[in-house]
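Quick one: this structure, given as structure tokens, is what I'll be asking you about.
A, B, C and D label the chains in the order they appear, each numbered from 1.
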């Protein structure tokens, strides 16, 4: 039985390549995580097990897909950044998004028991959706990541104060909401300190800064150069010998993928880790 | 700290709505499943456990997303069809694809132990990619599904003969390949029967036909009407009272989601199940 | 000097094919035509010369591009419909839109002097923008065209009454606007008749109905069949012998392209001209 | 008569915004210009009247649309570049392309008699198609323009030699083609010089370099700065006072739009005219 009669249906597949020479961000978000939080009794304002599980899953994604140069996570969302020179899956949007979402989900479900020791998973299972966005310049990309990290800060300060008012101050949710309406950051810091003796600065970095995942090499002395300008200048295609490409691949494969909780808004993070934007592996860090 | 300085990055998000009034097919495929087969020693030509797991995961997807009217699976791929009137996620392609891929993956990983009793899952985990395709007419949609089912048949006949030659006939892979080069369906049937006393018609339906998932209602007497013509005629928006919509929703939620192994190429399947294309729930089947 | 160093820039060209088996409407609109009207002193509420010029230009487009099955124009806009089986320019949106806009503009500017005998064109010249929209079913397409024709009617009734109040009734624009605020169609008809002895039904058809352009064949006896259902059923690709295709092409080339002012909302127009939706040339009309 | 019943058809209009912060190139091409050349007996290898007309039309486009920072034309094609910060028509692809194509066509047809004094235009009229492409970095954009200018050079050298062989050397087209098969640039220069005493370097710049259109201000002393790096660094949105925007607009409107025939591959052109990439109007040139 020949299949040719029906093959015309392939013509309905529409191409969806992302614009070359742009930074691709694939952001995934937990679906219906408010329900999830209630069902599994996530701790407020932050559930350390849940964040650890997000990080475990994201580490697996970054390890599996070396084209990802950095990932940033907060709450139930994670952003994965593919280098602007990346040609994985010919940059097809649906293929990139679905692969990252699927890898993340598989690891999230699989590693659940290692993070939630006494809380077995049950139906309906946790799931994530995702989308791809292109950023043309280094500045746009960094502004995107800054946007997410500022959001992390704003939400965490609010949530920390809100739940202090509720859990320590005995307010109900509505009263806590009313108390915080119209307050600035300074006001919230003040509430935390004066009422609950909590110094927000001493809160765990993972809550205040979110989580940053990248390949780790020896830090570089900053100040001597501007990575951003160099990177934007690079137009495709960078010609590089095959030997060099192979070498880079091996070094990248050997590099340790780490999760840290750092400021990625200021230049310092980027200047000391030029390999992230250049996509050229750095020196292996000294063993300690 | 206001976040407004960075918010402009949202403008880089591009809209990706799928054309209204078209049938949306989201097809997912196992990534690197050849490696998977080797790693977990899937049986050849068909591993019943693997197919059962695909069906378990797909059943969960169809149950979770009532907008899916039918799903068809073969080997490591599954096609999910959303009704042309579906407005889920405002028909955004990446949202639809990522949600379906994620739900499928979560269930595949979670239910693995129930299908592979003695074979624990290990890294790297099984993952899937996906894409959405729009089909304007009922004929296009049915031709798409026919294309997949014919493909199932062609591959299964080939694989059944190939692995018979290898496993029962003692040929190595190359000799089996050579034996089959240029053969027609009739030739393969003949090889199976004359050399191995296998009547291909008696092979399990799940291998020959693949798997079809849908909501089950009482079968309808066919012949009296053409569903396709009626369906294509329907333009958006169908106005329906809210009460009716709510009623439909409840009946749909109560309906049993079933997996069967039937011919979906001929009219009979569709004529007896008009609810699939009309999206109007049928009568609950008589209890037996 | 080899050009290969720069050729990579071609990779930035993104594909933009329109979904197969859907009706393509390319609608063009005059840019800044309010200014145009003032500059060339177009008559109110309708300038016959301006409408004639629109029709001349649209006739040229339909004649040049036989894939256009029908066009509908009102005021400074025109909609061109390509048959759902059309494969012109591989259905690339920008190519289709730009070609139609360019052909229309060229003819509009070139034929200006034949319609505006005493009013020479001057800078800035009249221009048009355009866009393509896909409609999956015959019903959607007809609803689109009905939408435009109803719009024509609504606007023309309003404008006819408005300008009667101003030109015949001596009201200024604001008072005329106020007089019409909240009025229904019947009210406007009444104003026209009682104040100005104008029977709206006797207004020229070109103003009330807009302009319809199509290839003319012998009218068909309606009632015996439903074109829409047959047409929607047709899936791609319709196989047709080359001889037949060539014959069709010749008959189509010989057919007279006409502009008429008819109701295209009711079935009658379509039932008597089945060639428009079927794309199969009809019989040459009897000479008279 | 309310129109609401049909208004749903608007939902089929798909959004088509181009990625922000990228350089938009709209390239238009003459349709069927080989036929045009034959019909109007364009001179070979270059018809000065035809090129002048292309430039007249392109000048009108650049003058009408101040968001165009530079345009480059060769043969029957023209590329119009919109600044990466441009928000005209919310960057909708079809609107940008159709407007530019329409404005170009209108002016081409209207100004035909001023360039082709004794050759009246006739049906079918000259038309153009167009498309938009986005380039993320200055380097990509300049590489695009270099690609077109190198193409101009390669074609013009070939055509000049080819038509010399035919018109001066008495070869027929096939023999001329054969003579040039496999020749390098140096060979063609040699043929021109030794056989026909033509020094290619002395050919008119308009043929060798094509045509560049831009707003003219006082040239800047190059070397002190790199425009490209500064420009790529700029992320959206650049905040600028309204007064400044208004001032810029006025200066831009006053600037002379010029057509010149220069090398745009080397840095010099860009370094001396920083206003092209920065989109900040320069100083008015001294009167001479």
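Assume contacts are C-beta pairs under 8 Å (C-beta built on N, C-alpha and C of every residue); 3 or more make two chains touch, one makes a residue touch a chain.
None of these values were measured; they are calculated from a predicted model.
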| item | value |
| --- | --- |
| Equivalent-chain rotation between chain C and chain B, CA atoms, steps of 5 degrees | 180 |
| Copies chain D and chain B - interface residue numbers shared by over half, same or different | same |
| Of all other chains, the one whose Cα centre sits farthest from chain C | A |
| Separation of mean Cα positions, chain C and chain B [Å, integer] | 42 |
| Chain centre separation (chain A, chain C; CA means) in Å | 50 |
| Inter-centroid spacing, chain B versus chain A (mean Cα positions, whole Å) | 32 |
| Multi-partner residues of chain A (at least 2 other chains) | 8, 12, 14, 19-21, 134-135, 140, 143, 235-236 |
| Footprint of chain C on chain D - complex, ascending | 1, 3, 5-9, 12-14, 16, 28, 31, 60, 64, 92-95, 97-99, 101-110, 121, 123-135, 140, 143-144, 146-147, 150-151, 153-154, 185 |
| For the chain A and chain D complex, residues of the former touching the latter | 19-22, 84, 134-137, 139-140, 143, 228-229, 232-236 |
| Residue ranges of chain B touching chain D (in the complex, touch as defined) | 8, 11-12, 14-15, 17, 19-21, 235-237 |
